[in-house]
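Across the two complexes that follow, subunit A remains constant while its partner is subunit B and subsequently subunit C.
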Partner chain A sequence: MNNPTEEFSVVGKNVIREEGPGKVTGFGKYAIDIEFPRMLWAKVKRSTRPHAKILNVDISRAQALPGVHAVVVDKDCPQTLFGFGCYDEPLLARDKVRYIGEPVAAVAADSEAIAEMACDLIEVDYEDLPAIFDPWEAFGANPKTLIHENQANYRRVPIGPVQYDAKHPNAFGYYRIRTGEVSKGFEEADAIIEKTYSNAMMAHATMERHNCISHWGADDNITVWSSSQAAYPLLNQISEALDVPHSRIRVIIPKYVGGGFGGKIEMKAEGLCAVLSRAAGYRPIKIIYTREESLCWAGVQHPFEMRIKSGVRKDGVITACEMFVLVNGGAYAQHGFLVTRQASYGPLGSYRFPHFKLDNYVVYTNNPPGVAYRGFGNTQIHFALESHIDELAHAIGMDTYEIRRRNVLHENEINAAGEIQHSVAGAELLDEIKSGLERHGPLERVDGPWRRGRGIAFANKDSVAPSASSAIVKIHNDETVEIRHSAGNIGQGSSTTLIQIAAEFFKVTPERVRTAEVDTWVTPYDQLTGSSRLTFAAGNAVLMACEDVKRQVLKMASELMQATPEELELADMNVFVRDNPARLMRVRDLFRTVFFTGSFLPAGGELLGKATFTVPSSKIDPETGHAANDGLRKIFSFCTRAAQAVEVAVNIETGQVKLEKIAIANDLGKAINPMSCEGQMHAAISMGLGQAISEELQISEGSILNGDFSSYRFLTAKDAPSNEYVSTHIVEIPQFDGPYQAKGFSEATTSPTAPAIANAIFDAVGVRLRHMPMTPERVLEALDQLNTEN
Partner chain B sequence: MRSHIALQINGRRHTSEIEPNTLLLDFLRWEVGLTGTKEGCGEGVCGSCTVDVDGELVRSCLTLAVQVAGKSVTTIEGMANGEKLHPLQRKFLEHGAVQCGFCSPGLIVTANALLAANPNPSEAEVRDALRGNFCRCTGYVKIIEAVLAAASEMRSNAHE
Partner chain C sequence: MALPVFDYLAPKSIEEACAALQSKPDTSKLIAGGQSVLRVMKFRIMAPELLVDVKAIPGLRYVEEEPDVLRIGATATQTDVLRSEIVRTEFPLLFEAISRIATTAVRNTATIVGNICVGHTASDPSAALLALDAILVVVGTTGERVVPISEFFVGHMTTSLDATELVREIRIPRRKGNLGMAYLAHAGRAAMETPLVAAGAILSVRDGVCTGATIALAGADETPIRVGRAEEALVGTRIDDRTILQASSIAAEDCSPDTDVYASGEYRRRLVAVYVRDALRTAASRVQ
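Showing the complex of A and B:
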């Protein structure tokens, strides 16, 4: 079925997305739109201190407010800790608070307004503790405060080297990679550059704010409707936080989810609302985070500090690279350790490093916690690396395309972490963006306030392994197909991708395939919507489940058709003898009808195929970070590469940067739905551009100053270049083990944008901005400094 | 003290008794049950809650329901003609202008007002009209395409 020369009838076509009509008519129900009879509204009382002991919480006035049905504090919650690999977080602050915005108490009331009033009536007495916001200060051996005193005893999932080190008692994650001897590599270099790059904190800013309804039923089962992007991780976290087994928890994610971008993986208030539900007499509890809560306290993008030292020969070959990375994790680990790990390996999928050394720590601070953010740290690390590559090119006077061509990996090459690289796109992407930008003619430099420049960047994103996805495929008695899978369709269009994969398999039109709503009592396990993994992992699981149900159909038909299953084939819901296609029967004729009660399958219950797709990984040496030479040499499921070329205009009087032209290229194996793929790629012009020039959660002493849409600078249709100057290049380097040779790519669409813009700013006005976003103030400051130096 | 309110919503008369401080957004979503109108920011910035009141675009999160008494409100649910999608709705689907879809209702209502005032807008005019509607997913490329395509189709329909 994976024959690349095969003509496809559904795969590769611009199929309209399954949930699209519900979205354009307004009739589709997002979690935020759901309400139930007797439902109550919840609000969270949050910490106003970055680091403080809780001396007392007085809830009596809140409880006395008419319309209030429950008020809970830590002692009303199970005394558990939950997390995502490092179990450090209580449902409500226990004994102390660690960031401004941390939940301290929660209220359920007849209305949102009453719940909010009740929160205002809760009095919390704090005793302030020293607070740390700077990651370098947190990183020291003798920091002025410990954010998690009991860290050494936390339960952890062992990935990589030992994660707790008493020498850095505020660090909660550490990865290292060692290849060759960097000092030798530096000796071979003609130029050595050492620079530090960094980024500000950014918000996911999903249009649908985090929200849920939790209902602790009188039968002791818990049902949750959530705007989450990952049903099973949420199920697992609710289970751990409430100490209730999976079987008693049901997570339902509506077909309509208003964005995720990594910000809706972890549990938010789902567990807490379940506690409130029981306390309020088993009534359903709804919470909708305010825009401020959603931007600031539901997880943010991690600020990174990245010091890179590289050596390069005059011919453009990189001889050595040494990186030290410090990640500001905020007050709880959440996804921090995994972001740190993914960022550590990202650069090794881009380039060949004969000698390489990386140390990457993530530290607790009293900032709001960081979580996964489209790219799992690769946006930050590639901002640094791609700016740095540009600096290397300028140091030796080499063309910026050429230096990348010299160093990009080749197919089947073993990278600096001992991993074999498959489906490698390098020069192909660079060629695409070059022609994409140059079709508008050469750069025209002009005098006046607006100066023009061009820049490029490359990026790699690895998709997590081990990885597992399950799928169930049912053929109904009307010969339509239902896919049961727990892939969160958060806007990327994953449902339609899976529909196209199944429709192609059965040779039916996509209208005859649908997906079930994600419901953990119905739809099977999926690891998560994240790491660009769904097309690959869920797609493969669906294909395998299709095979399974096909086997059942052929076996049942063989008994009716006097043929062996091996002699039969299935297409368009006809079963026919391969050598004599005129001998056929319809799949619907496998069903029997008795009287007036519908039809049934005489044996086997239902036409139900099921399968699990798993990706193993090699053992990783914790000392070197290398994949074992076990014949597999695999750390990740697959890698996906991206490249972008931009032209910017920089105003030397105001510091403003405008994106004028952009060429976007992504390697995606095979585009199952090209229109959807292009849509994902255009995120470069919104999220990527925002990251580059405007988006920043401004934080001072742990307090976010701009947690609303009027001051968090979100980009609009006016900030993007005209469509004429956007070129979108799908590159299909077949992924040998992908469904129809496809793979995911959507995280890598935003990584190259900021460094390409930084490189273009340098080209335009000669200043190098090593901190993103590159706001007008920072551009002006850099220009002033340049003028002073000259 | 509840206020009586009577108005037209998507062409049908509607009467209710509501608290006078009820926002139009909450009235539509929780009293009337029309949840297609979305709340993104609650402060009139993101445009997700845009509805049409007597031909004017209104941020329903900044408007009290009683302010639109006696007026005619069109929400996203009133855009289609029965089963038949409005050309803007169809073009949004055909051009892949919908991703998470949360901003789509506000965008479609806003674009509809633009096309009523200016049936043949340039790309720059479309960008101007939509600048108050945030979209986190699309980069606006396909939204602009869809609006221009719908405009073109609506012009040819008008000539038939």
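Showing the complex of A and C:
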């Protein structure tokens, strides 16, 4: 979209984050900080049973409590079902509950404490139903219970093969990929490895808990302030859940959002609070989830079971790969079937598979629902695949870098799903991490309790397609540029990226550009903050909107400068004749005192550019998962790749694993803001390390045992390796259709950490951990088993 | 969760505090820094109607040394204790135990007395004070009594403190002679975490022979404990790796750790063997 050889003045520079000063000083306001006059507080009465019929809900004592303004149950809500492509969920449990923690009733009261007391006064009579927590048990043809009896009739978006299959009545999503004949590939192999990998349930653990204010106005318009990461999808879900048209719903996301990681895409209590608002006399209703609600019942990361069978030749070439993946989706579909689809393609963005077969099911269980989680299933699938690749390497006695080099995809290669690969970093990333870790010194193996080892992993993340972002760019009369878009900045720095893109375009300093607060009555459509898509999609939209406003500027200036628009150029808010730059005018001089007072455009109106960037995708064959050979061969917007090399210390007496050194390499097309990119890479260490060794929602019979920050161990800064042993490597392989050839990358940077650590643990102490997190007790158990075997 | 509703009183004297406790003996609770009590209240493990905050009582915030004893007042914060020179030089075991509690922000508010009065087994100060044979000065409506810390912990989150009593002071006897001490804790992450298991050890040595041994454990039983059999096994022996390993395996046998969401009992038992060994080794290396 632009000339790659041009010199940049803002793009590629370490610009301070737009939200930085607000965060540092505390002046930045998050949704959780907002309060309004006459506002009431909401609390949700949640199910205590994993699967039960609701016989009766007695709200009379709660209603009678002084300070309570409204108590609602299912019958007070629109009788709709909402979802994210599979419409299966009521606002409040209807007839039965499907997981512990499911909302059964809701209260609005003068204070949070009163609302909570009122919830305690609500009595629910249940009749227990058989419950299923194990995905294999749920998957069978004759499960002991059906979690959604009416699933066959649910409305759903068409995707992949037939999604409801009576042979697996609890499965709600299915994806398959077929390439070649795996049996043929296995015949060509010198070694075949078949192993199963899995992961525990995890929480997003955002610092800002889920919260919102919903106000059903007396004019029947609904306004919602939320800490969401997806304004327009939220608007749509509220619309569907409340059966109210888009036009009457306004979603506002403050400029400060305390993290998302995929956990703030779906609607949480926004719709429910709108129902309460109307019931309580059109007063604004605020809810802040407790930490327990936020960790356990606002969506969790899906546990996967991944069986992989692969064949490899002695020369390291993978001949065939067969995968069966079973995803524990929990009680409602939410993003489950999309996570399933996305994870299915994960392996194919990394390696060449001449023969490939994948079946991936997601099943309902009576666990809390799973949702999107940074990486969208790729964290799980790459943990399995990258552990497996090392097992293949060991089977043929090959170096673990070498086997990956042999099989990584090349630029413009068509992968096993028929998709053409662009901006491919393979060997480049592997070279970076190899030399990066070597710069931290050689591995020194020592005796004693702490044993050292090194491991590597590769990963990738596709970004969703089809996809669209819109942007409006306004030039004010003081030449300040304002970007209006709905791609919320949830901590990843997207606002600053977009500011830099616009500043580069106009050749102004980034201080002259700002972004507007996300407000769906003002800022235009954006698909979501997710899928690492904003730099690419919103960035392109901003560039196009900049072009649009520039056209308007040149046209207006041309009348005043006696030159055609084609003869004019714009830089640093000067319009000048390209062949005679001395003939110029300032953009601010387009504004005049025309309407008796003030400074406006002579013809009225504003300098307002608008554009929409759309990524199309190819038709996908539902039987094979292949992209049609339509000249586009596109399943995803783009693919970003990542590699990491780690050194760990494993304590053979306590099973503890310490990450000592790490080299992180990401391919991101062009780093718009290298400092911000490196920040993401550093921050991802904690998340990847937590996934690898400690983060786990422990669950027993559907009940989460550690829904708090003392026992849900996400790691602290002190657990991260010392900065002198962390190296970050930005690999820039131009993304031809990205803004300034950039693309997103931040999801991919968490995926390689856990498998690299698993591989390093094997290198250190000779045990293979195939379940994450690899907690000290699991490491010790594996060591005990090894010692027994020897 | 948000805190449940409660009444709050900040008396200006110990007598007033005890009287307040006596007014609601079953439903009142003392707080100092509030770091433990408020947390369990948020979890709804405890729902007192009245919180009696002793922080406003003058004269209780001190860490003072006397010739034979170190005295720590009821409202001395953990940071106050860490800043005491004598704690750093003479009681490294206590220093190590307290410096690993939670975070700086918590230690700036939390008190030592408050921590031990919760009666949690995985309390770093409790195990350290148990090793140091601390004595507690307890005040109630009927007067003052002195309780050896070995008699203070009676069960899971239960102490021998009466509902109307408070701990006014901790007294730690100063020791003389050739001794070394150490405190080592194992936690699931590097900060913000109570230990799964911790071991405090003190060794006295004369002419190469152990004349006294103390081993206290946190997280290894229903309460913080001393492992007497392991201590006895060391006294009279020459401290070397064989005797240390012997004592640590006795400690692992004699403890009875619980299984919870943080770790299994069996895992904790293995940690006891490792951490008792390492605490003894470190203590032995520090003997002077």
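Keep this in mind: the second predicted complex is superposed on the first by the 783 of 790 C-alpha atoms of A that agree within 3 Å, B and C clash if a C-alpha of one lies under 4 Å from a C-alpha of the other, contacts with A are read in each partner's own complex, and residues count from 1 in each chain.
Basically, a contact is a pair of C-beta atoms (placed from the backbone, for glycine too) under 8 Å apart; a residue touches a chain by one contact, two chains touch by 3 or more.
Quick caveat: nothing in here was measured; it's all calculated off a predicted structure.
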| item | value |
| --- | --- |
| Which of subunit B and subunit C A:S694 touches, first, second, both or neither | second |
| Subunit B versus subunit C as contact partner of A:L705, first or second or both or neither | second |
| Comparison of subunit B and subunit C by subunit A residues contacted | B |
| First (subunit B), second (subunit C), both or neither touched by A:E116 | second |
| First, second, both or neither for A:R768, with subunit B first and subunit C second | neither |
| First (subunit B), second (subunit C), both or neither touched by A:T716 | both |
| Touched partner set for A:V24, first subunit B, second subunit C, both or neither | first |
| First, second, both or neither for A:S676, with subunit B first and subunit C second | first |
| Subunit B versus subunit C as contact partner of A:K610, first or second or both or neither | neither |
| Where subunit A meets both subunit C and subunit B, residue numbers | 290-291, 708-710, 716-718 |
| For the subunit C and subunit A complex, residues of the former touching the latter | 1-2, 4-5, 39, 43, 186, 188-194, 261-264, 267, 270-271, 274 |
| Residues of subunit A defined as touching subunit C within the complex | 112-113, 116-117, 290-292, 449, 653-655, 694, 698, 705-706, 708-711, 713, 715-719, 776-777, 780 |
| Of subunit A, residues touching subunit B in the complex | 14, 16-17, 19-30, 32-33, 35, 205-209, 256-259, 261, 290-291, 490-493, 675-676, 678-679, 682-687, 708-710, 714, 716-718, 720, 722-724, 726, 728 |
| List of subunit B residues in touch with subunit A within their complex | 29-30, 34-43, 45-46, 48, 75-77, 79-80, 85, 89-90, 92-96, 98-105, 108, 123-124, 126-128, 130-145 |
